[in-house]
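Shared chain: chain A. Partners: chain B in the first complex, chain C in the second.
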Partner chain A sequence: MSVGGGAGGAPSAIDAKKLRIYGLVGSVVGIYLAAILNSALNTTLFSFVGAVASIFAVVMGANAVRRVCGYGIGTGVPSIGMLALGMGIIATMFGLSVAEAMGFGLLGPIIALVYAMVFGYIIGVIANKVIKFNIPVMEEGNADLSAAGTMAILGWSFAISGSLSYDAIVTNVLMTGYIAIIFIAGGLAILHPFNACLGPDEKQDRTLVNGIMIGGLAMVATGIAAISTQGLASGLLLTVIGFIVWYYFFMWYYRLTKRDASAVVGTGLLPPSAQ
Partner chain B sequence: MDAFSMGLVAAMGALATVAGASEDIESDIGSQSNPNSQVQLAAQVGNPHRIYNKAISGEPPANALWAATAAIVAYMLITAFQMPAFSALVIGASVAALFNGVFSMSSYFGRNASQARFNQWIYLDIVRYTTPSIMAHAWITSFCIATISYIMAYMLPTPHPFPMPIIALIWGLAVGAIGSSVGDIHYGGEREFQNRAFGCGLNTMLSGNIVRKAEAGLRNSVDNAWFCTKFGGPATGMGFGLTVFLDNWRSTVFDPVTQAPYAIAMGIFFIIVMTLYANYVEKSARRKYGPYPEYKGDVAA
Partner chain C sequence: MNFDINTIVYLLEIIVGGLLVGIGVHFVPVGGAPAAMAQATGIGTGTVQLAAGSGLTGLLAAGLMMSVTDNIWVILASGAVGAGIMIDATMLTGSWIYAYAVGAPFASAKVTYDPITGWSQPPYISPGTVGQGIPTICFVSGTIGGMMGGLGGAMIYYPLYLINGNAALSAMFAIGIFLVNAVLASWNIQGTIEGFHDPKFKKWPFAFRACAVASVLLAIAAVMITGGA
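The block that comes next holds the complex of A and B.
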């Protein structure tokens, strides 16, 4: 049952193309910057830059969920978020292992991203043509979602392992089981914003601010995990920055809620119109 | 199989029973998952209400998040600081409950703000007194699930090969799925439409016409916890408890490495017995209570 999703082609103040560019450039540049800073200075303190990079991807993903699910997919919002991270995890491991096999470990994120977008587009075509969803932005949306899922997983995996090498990520993220929290917190960061704001008066800015807020929460979780893989200093730094991001955007989200709601009251009975 | 591992399996079954019950009640206080669509529709058909609207995806991903959060925190504390497992699990569950609070509040704010045109207000007193009871139930669920994962990963004679956070993620998904399919029906079918005859089903015409008034004043979500504790919660607990207990029982009685075929055969046997029993229960309920009095036969689609 659809639970009153926004009208087809949800109106947006920020263009999807612009958000895609911000998301892709922000996440790729952030992950590389973090990797270069960490290896050049021989430290793990800059792992938090990788986690911040993931938030750019999350915003792009949340907007893609908003666009695709704006066509009346209510209960499918969680599924599409899980799909994004499922595609992302395959693309990440593929990209990193292929880059490692080729001898250019640093190419991993680019290979993963290209693979993810192609993979996502194909899944979008299947969803539209075979399963017959008939949603105009499905192909584009799935390519965006897959890319967002990949960059989110990559950024947060980097934040936990402190290195982009395939072996380090397998040892620190997969074998320890921390991939569980990246998968589920990343998935919710992408799907929760639109799911939480679903309704006819949903606004793009409120939805995306919610995405950044949940991204901050996921940063806190990865920071906690990083304490055991990278030590107290890097892990706590990541946790504290995540908390600041969360707090700032939570307050912003609350302001936007007060702006959009018909009334925010301390307590009271039903509105006069309903009594 | 020694007495110690049998004790562990029994403890896991007991923990799972508690986790299932608290999971269902947590989702009912927040009107999450299936019954959420009626709470969401209520305002849209002109019935604004004072019921919590906690739309955090479906229950499986949400509970997987709480369980995985509790497990990673506990795992980190155990591996990095050699903290005693019990304290680590308690701290993990507390972090998970805080996460739950943030998600719950953000959905309540978001969903209700997106219904501005239907005059659905946001009541801050609801946020203040309902969110803590949701968080408390999430604490119980995540503590129990993380403890089950800890037992499976470290204490069983044949430890599970997966790391603890992954096991917690999988059990979190499982408890969410079971809560969504077992307990929600009690809340969605019986509590939201308490003023209709028992078992009448949901006529499309009634969509969104949920009960909004209580014995005195307006109905709130904490009242729903009181109602659902009577049947939906325990039924979910039994469902999840049996799942965890029977599943671990067969792999503890039969060694999963040397006697794998027996363990698999026992699993298939359980499935067959349960399918037959479910069929019997449904048939006997239909025989005893018969069709609903106003049932006029199937309507052609």
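The block that comes next holds the complex of A and C.
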């Protein structure tokens, strides 16, 4: 096997099961840690931990996209990313709302995650059995994707609202329209990595580093939104951390691109005859 | 939430809306990347983008009408017409580009004679392509598809708004339901389709079944959420 895990039916350097555990544990622990820190210290400064938790989910989602789309789905990679976010938004709202109605507001992320994984698995079964895709990893891939979309939306929503309560997220994220930013930026972070790197020389590490890089960009966007909902300090902190994440992983991605390219040469400007 | 006869009506409305979206996608002439290079018939973008576009326009048109009246038929009609106009405008401006900028004659590769105009198609297909532009039959089919998508979007949004009374939440939730159904339908048609005259259109019962299962699960989640603050 090559250094970064080559493509073609998507063999990988890091096992999908391991990535799933990292993604789920990382995002759930991150969101709860952020919520507890914020409420215990009575501040909104730790909202950025929620945004970092989203990046764990993004890595899991990007890996699921590359596994499923490695088989070819015929409609382009963006469709599956939009599906992930579509399932994610429903699971997020459902989980938070039901938990609030039951009186255990803190259970929201868990209920959302369970609904998302069950729903994603069923969509995968439908895709294989009814639409006849016959992709072996479709069921677990869709469960992963749905969970990743849910946790990404939840983490970034938390980063903007600063609280896990349903009312706060509806008021600060949905009513303000920032959900649209999360939707598109989060969707890009999940679907774009494989879309950008796909091809016979696609490598797992390059794809996933690209995902983290776009996750950083989404953090910058949510940070700008958070300035208006949580004040300058929390929002700016989120933006700066997002920028650092983006810069670090962009340079890493650039190194990996140079590693995988057959040659990197400067072409100079176009010669006059070509214009 | 209170479970009563209204809840069942809401559930049915959302399921029917989801099915309309899923079937409506099959009518829209989607060409994807090949169409963007004028090498296939249809609009040069993906199914999900077109479905989401028509659905969101339908949703906006329905939402606007809801601020004026609460008559369901007017709201549904507004959604359908809004989305139909959106898809028509896309196809019309796209056609201008194909006709005047790319310079390709419009031709369908799936039928020998256009069922509406009766004009012969094969002589106008460039070698190595599967048709170009948006012929009459595709335009008519696309209008029907857009209107079905808009009707579906309005039909999902209307009960959601009645359940939770929060326009922003209902709209986002409707987008979620919309995307799931649109993606399932686009998987069924495997990327490109010309319209109801395309042989692939016969696959719609698979999408019907898939969208029915998905819509039931989505509708159950939808009737359980509250409007928040």
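In the analysis below, the second predicted complex is superposed on the first by the 256 of 275 C-alpha atoms of A that agree within 3 Å, B and C clash if a C-alpha of one lies under 4 Å from a C-alpha of the other, contacts with A are read in each partner's own complex, and residues count from 1 in each chain.
Definition applied: contacts are C-beta pairs under 8 Å (C-beta built on N, C-alpha and C of every residue); 3 or more make two chains touch, one makes a residue touch a chain.
Note that the coordinates shown come from a computational prediction; the quantities given were computed from them, not determined experimentally.
On the superposed chain A, the two partners chain B and chain C do not both fit; they clash. In the superposed model, A:Y253 lies in contact with chain B only, and not with chain C. Contacts of A:G23 after superposition: neither chain B nor chain C is touched. In the overlay built on the shared chain, the residue A:A263 is in contact with chain B alone; chain C does not reach it. Contacts of A:G124 after superposition on the shared chain: neither chain B nor chain C is touched.
Contacts of A:V170 after superposition: chain C is touched, whereas chain B is not reached.
Once the two complexes are laid over each other on the shared chain, residue contacts for A:N210 go to chain B alone; chain C is not touched. Once the two complexes are overlaid on the shared chain, A:L83 sits against chain C while remaining clear of chain B. Once the two complexes are laid over each other on the shared chain, residue contacts for A:I179 go to chain B and to chain C alike.
Applying the stated contact rule after C-alpha superposition, one finds that A:S97 touches chain C and leaves chain B untouched. Shared interface residues of chain A (contacting chain B in one complex, chain C in the other): 74-75, 78, 82, 175, 177, 179, 183.
Here chain C touches chain A in the complex through residues 1, 32-33, 46-49, 52, 166, 168-169, 172-173, 175-180, 182-184, 186-188, 190-191, 206-207, 209-210, 213-214, 217-218, 221-222, 224-229, going by the rule given at the top. Listed in rising order, the residues of chain A touching chain C in the complex are 73-76, 78-80, 82-83, 85-91, 93-94, 97-98, 100-101, 115, 119, 122-123, 126-127, 130-133, 166-171, 174-175, 177, 179, 183.
The residues of chain B lying in touch with chain A in their complex are 36-37, 40-41, 44, 46-50, 55-58, 61-62, 64-65, 68-69, 71-73, 75-76, 79-80, 95, 99, 102-103, 106-107, 109-125, 162-169, 172, 212, 218. On chain A, the positions that touch chain B within their shared complex are 1, 3-4, 74-75, 77-78, 81-82, 175-181, 183-185, 187-188, 191-192, 195-203, 206-207, 210, 213-214, 217, 221, 224-225, 227-228, 246, 250, 253-254, 256-257, 260-271, 273-274.
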